[in-house]
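Okay, handing you the structure first.
As written, the chains take the letters A, B, C and D, and residue 1 is the first residue of each chain.
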Amino acid sequence: MEFLTTIGLDHFLIISAILFGFGLFAVVTRKNAIVVLMGVELILNAANINLLAFSKYNGGMEGVMFSLFVIVLAAAEAAIALAIVINIYKTFNTVDLPSVDSMKE
Amino acid sequence: MTSTTYTVIFYLFAAITVFSAAFVVFSRNVIYSAFSLLFTFFGVAALYVFLSADFIAVTQIVVYVGGILVLLLFGVMFTNRIMMTDLKTDVLNIVPGILILVATIGGLGYIFLNRADWFVTSERLQGSVVERIGFETMSRYVLPFEMASILLLLALIGAAFLARFDKPGKSEQ
Amino acid sequence: MLSLIVFLPIVAALVILAVPSSQKQIIRLVTLLAAVGQGVLAVLIWQAYDPALPGIIASPGGSPEGSFQLIERLPWISLDLGNFGSLTIEYFLGVDGLSITMVLLTALISIIGVLSSWTIKKQVKGYFILFNVLSTAMMGCFVALDFFLFYVFWELMLLPMYFLIGIWGGPNREYAAIKFFLYTLFGSVFMLLVMIGLYFSVIDPLTGNHTFSLVAMASQENYIPDAILGPESVVWRYAAFIVLFIGFAIKVPMFPFHTWLPDAHVEAPTPISVILAGVLLKLGTYGMMRINFPFFPEVFQASLYVIGVFGAINIIYGAFCALAQSDLKKLVAYSSISHMGYVLLGLAAGNSEGMTGALYQMFNHGTITAMLFLLVGVIYDRAHTRQIDKFGGLASYMPVYAGVVTVAWFASLGLPGLSGFISEAFVFVGAFSSEVTRNIAIVSVLGIVLGAAYLLWSLQRMFLGKRNPDAVYELRKGADGQEHIHFHDWNGKNDLDARELLMLTPLAVIIIVLGVYPMPVLGLITTSINQLVEVLSPVVLTASAAVN
Amino acid sequence: MHTLIQLSVIVLLLPLLSFVLLIFFNRRLPRSGDFLGVGILATAFALSAWIFWDVIVLHYDPAFRLTWDFTWIDFGDVPGVGPLQIRMGILIDNLTAIMLAMVTLISLLVHLYSTGYMTGEKYYGRYFAYLGIFTFSMLGIVLSDNLFSIYIFWELVGLSSYLLIGFFFEKQSAADAQKKAFLVNRVGDIGMWLGILILYSQFHTFGYQEIYDHIKNGDFHMSQAWLTAAGVLLFMGCVGKSAQFPLHVWLPDAMEGPTPVSALIHAATMVAAGVYFVGRIFVILTPDALHIIAFIGAVTAFMAATIAITQHDIKRVLAYSTVSQLGYMVLGLGVGAYSAALFHLLTHAFFKACLFLGSGAIIHAMHHEQDMRWMGGLWKKMPWTFATFTLATLALAGLPLTSGFMSKDAILAGALGFAEVEGGGIYYLIPVLGFFSAMLTAFYMGRQIWLVFFGESRTHLKPADEHHDDHHGHDDHHGHHEVHEVPWNMRLPLVILAALSVFAVYSPDPLDGGKGWFMHLVQTPPTAVSAPAGAFLLHGASAAEHPVETAAHGAGAAGEHAVEAGTGTHDSHGDTAEGHPPAHGEEEGEHHGPVYDDPRQAAISHEAHAAHDRAIMYSSVMVAIGIGLALIVYAFRFIDPEKTAQRIRPLYLYSFNKWYWDEIYDATVIRGSLLLSRIMAWFDSNIVDGIVNGVGAMVRKFGTASGNMDRYVVDGMVNFTAFFVQTTGAALKKFQTGKVQTYVVMVLLAVTGYVLYYFVQLLS
């Protein structure tokens, strides 16, 4: 009961793990490219939570800074990814990934 | 505030985050998952606040909610005809997905709870970190900061280039 | 100076490497420049040369100084072979009467060759690079006084020749090139063996070490009595002489080993035929005079008759084969086999007249045959065929060409007043004066008539009379009412153009001048030839045996 | 350097200059520069006339001799021989001076004549250039003082004859003829060359005088047979050049050349060079060699005469008569009538040149009609030609009061004397053949005169098909124009040459040339062969039949003049052949001439003089018979030649086809050598080369063997690898769905699998 009442590092880690798992699941299973991107965002958020949690619990600034950069990266990635998705749509007239398999052979 | 309220609030936001994320992942409707992603971001931002990274939390809301999520929605708009019944996306290789989901969450949880002993010092981040972020950015992380700005610029240009609207007839190229 | 004249073409080759292969004219000019430079150097060497010094063997002191000239000698490779002593190979150049004539000839023929290479269209860059390498190798062979160095140049010659025939040759070029390559390689392998044998049986009197120096090897005193090729091991010396002789005879080419020549000539492009006949064939006989005979004088004396017989066979057999040819170039090739037979006969005479005649014949055959092949090339460029019966009556339509051809043809059949006659005459004089080869000489005189026969016959069939019905050219009425000759897809000058005249005139002048007054060349060689005869004469041999 | 030498050098080089100028510049010069040729030759003739005057008239000395030489090739100090030099030089004696004048004169006249005869030719200028080089080399033969240089010029005249015979080279027959001439001459030349080699190999010198002296001193170390061989081989050169049997075949064909050339080269000068050369080497000829020479000369004279009877072509008749006359000269040399032979050479040169130029004039006038059957009645149309031609013909036939008479009789007398000294028997064949040929000569010359000049013109009789059968680009002006006399520049030479065929030029006594200046100045040199013991005893058997005469005259001659022997040696430049008593002939009257210590020579010369009158008698009778026959057959037509020909058809054909020599040579030598050449070529390309290629093929077999090894083992491995990769690739291909998420799944499965494994490790 003591574990549940006092919020510690582990709680945050668990949450990040769950988010990470969901993200992976989305990336793996969903056909829609947009949803895959969402999964990626989830993964990034999970990573951010980890970073901030660790920097909170040993008082360094590194985690904070890195999370900042991760967000920036995420923004860039999102923009590019969206553009790519739109191109894919233009080319294949669809956004579900399995039908975009012209790399096969 | 007391530790109880603190705990309760934490669990609340944690729940919001996790469930909305689950909804994002499991809902068949893209629009729904997009909107529930909004809640996920908010929840995460709240958790950031708990981790006494208020600036990051704000950034999270501004960037993700104000930027990325809008982008995603635009993407949805572009790629799916609005108000069409079949905005649902079906799933593929569900079994390995489940497997991976379980393995990841289980493995990570097991490690975090039983195996790992983290290097945890006694001091904690206290109060706001905005000022310190400013110092760090201008002193120690100035180079990554500039890199990041350049990266953003490039991303901007790249995105604009990739997504530009081709005139008909040039689309073949 | 000798190094310069030897390596000038290599420098040119390097320069050409730097030139982009599209700059054909520059490449040609560079090569021409190198060749002309060689010519200038050759003339300078000629001026610097003192005909009084004998050469062939070292001067009495045992050092080449005072006997050879323009000597350049420095250690090149020296390996320590443990109990074999140390292998010392020298970079050792020098000229004497034998070399100087050949150097002059080589320089001359190189210039002519470059000029006649102007018509080469295909892969100009590679061609001229190989050409330069070839001329370096030839020049090196003639001035090298170290057996190893000689051998290196000798081998270096094969490769460019192989490619020049095999790439720029006629339809059947690969066969010819392979044949040439294998033949000559076969010869040079034996040479290698003998060379090593000689190395271990010769001592340089100055240093006391084993040596590759041709000068040291040429005098019998320097042979270790009980060495493998020393005076006492008679059998080995005979064997060595024979294989060495075969090695050189292939280059000459001598009767059983001659079949590479017609093929090579027929397939090779004109300039290469010129080089081949003008210089390369001389290397065989030069090697005999420089290496084969002086090293084994007693074997030479014993085998005079055999050599003479082979010479006679070359003369008569070559002439008969030439008589039967229908391809003009093949005819010329066989004629040069026949003419090299005179050289062998002169060598077999073993006396001064014969040897002088032989060496002079080498020079004259160089110039005359070069001219013949150039003329064949001229008609081949125009008509794209060399079949004799595809012509006829050319003299009426190409008067200048016919005139030059007449000069060359008559020079080749040994008309007095042209250089070929004098050399052949003295070959016969020498061969007849020695009792050994007298009968051979009597038989070989037939060659004179046969030579006249096949040359005049071809001359008549191609130039005299009227146009053959199936000739390769047409006659068209010109504006002046005269009939003019017309070759298919040939838009150049029908008669000789300026470049061809530029090539042919010097040769013709040389042939005539040396035919009227041969001393300019003979004066260079007589001393050395007398020395050579001295070295080869049995008297000296017994003396050396006494020394040993 | 003596003035005469300098002059002779200039004379020698002038025609060469003419050649060089004309061959290069004839197109640029006006009239193709013929005036240049004529002018240069005129100069040369003037100079040689000067030499002639100086030597013959001023000195008038049988022993006159002038030499000059220089080192041409220096062999240095040759081992076993010592210092060795090849020297070239000039020898001027009476004979040289006479020949010099003769050659330049005739050459000049021919040049002049050609300006008329050759006008309009395509290669007009080149023609004069060729004449120039011919004259140069001919003068070289005359002037040279050693065997080597004479051989050089010997070949050079061969060349110029080659060029001139083939002057109309578009004509196939001309091209054939020139080749034939050169090759046949070459055959003779190699004999000559071998002879030179024999002498050189003994003495290491080429100079006449050195060789004479060496032989006289008995330095010839090989056997006497070799010396004879040397003589005969050297004579082979003459056989080739002077068209002696069996190498005579080229001369008639050489008539393909322009007629003036035939006159200059193939009648007057070059063909006579052979005789001149034999005269030069006369002193080293052994008796055996002389016998061979005599017989060859006799046979040639007779054979050619028989052939000449039946020829139709006017030039061919003259050609065969030339061969026949050359046979006379050679015969004369062979029998030892040295000066007579050379005398005949001189006289014959003039009248035969005159005949050829005359025939040229006729051919010119007849528009290149050469067949006598279609001529006739020309005497009133061409009086000058007729007169000169007839005079020359008389000289050739050997009627008295002509030059030919004197020289021919001298030769025949010598032949008679020779036969008697050699003791009759077979040797009488020589004079008999000589006299018979004299008759034939008279006959065919009479025939020719009659057919050409008398009777009525038969031009119209000519069948159309063989009309102009041998033309050389002259069709522009043919057809039956009016026949007219030739212009002056062609007439003048005829007159001069005809004038030179009169006896008075040579001797005051029309019956005895021996009294003339020529016989005095050119006397038989005493033989250098120091072997009367060897050679003469060789014929001792035959000589024994007249032991008295031979011995008596031999001894007498030797004894009588033992005193004068050797005394009269006079020379401007040192050495001379010994033993000319100067002006000895005049005081002795009947029996004049030098004295020989060689009994054979002495006997022959004595017998020759003894036989002089008989010779005159016989030959006059023979000539009379010959001319008579000619008149009977052709003038009065008592005998119809055609019918006779039919009656003795085989003989007629045999003569008409020139004894089938061409056919014989073609069948044997030419075909033989061609066949041999084909055999050898086949041998070369199939046997010799076959062996080479066989070896090559063998090597290739080994190559293929190792090649198979290579293919099946090494390549096998390679192919297996390829196969393996292919199959596995096919298997793995299934994983390549191209779906991004499949890949992601795989990666993640791998990662998780690894992580799980890691934990299993960790836990255990």
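A few remarks follow.
Following the convention adopted for this analysis, contacts are C-beta pairs under 8 Å (C-beta built on N, C-alpha and C of every residue); 3 or more make two chains touch, one makes a residue touch a chain.
Keep in mind it's a predicted model, so treat the numbers as computed, not measured.
Located most centrally within the structure is C, per distance between chain CA means and the overall CA mean. Between the chain pairs A-D and A-B, more C-beta pairs are in contact across A-B.
In terms of their C-alpha centroids, the spacing between chain B and chain C amounts to 90 Å.
Chain A and chain D have Cα centroids separated by 117 Å.
Computed centre separation for the pair chain A/chain C is 86 angstrom, with centres defined by C-alpha atoms. One simple way to say how far apart two chains are is to compare their mean CA positions; for chain A and chain B this gives 6 Å.
Counting partners per residue, chain D has 739, 741, 745, 748 as the residues that reach two or more other chains. Those residues of chain B in touch with two or more other chains are numbered 92-93, 96-97, 100, 104. Touching pairs of chains, sorted by label, consist of A-B, A-D, B-D, C-D. Note for the complex: chain C touches chain D at residues 179, 182, 256, 258-260, 317, 320-321, 323-325, 351-353, 356, 393, 395-396, 410, 415-417, 421-422, 425, 428-429, 432-433, 438, 441-442, 445-446, 448-450, 452-453, 456-457, 460, 463-466, 517-519, 522-523, 526-527, 530, 533-534, 537.
For chain D in complex with chain B, the residues that touch the partner chain are 739, 741-742, 745, 748-749, 752, 755-756, 759, 762. The touching residues of chain B, counted against chain A in their complex, run 3-4, 6-7, 10, 14, 17-18, 21-22, 24-25, 30, 33-34, 37, 40-41, 44, 47-48, 50-53, 55-56, 59-60, 63-64, 67-68, 71-72, 74-76, 78-80, 89-94, 96-98, 100-101, 104-105, 108-109, 112-113, 118-121, 123-125, 129, 132-133, 136-137, 141, 144, 148, 151-152, 154-156, 158-163, 166, 171. Every residue of chain B that touches chain D in the complex is listed here, in rising order: 92-93, 96-97, 99-100, 103-104, 107, 115.
By the touch criterion given at the top, residues 733, 736-741, 744-745, 748 of chain D touch chain A in their complex.
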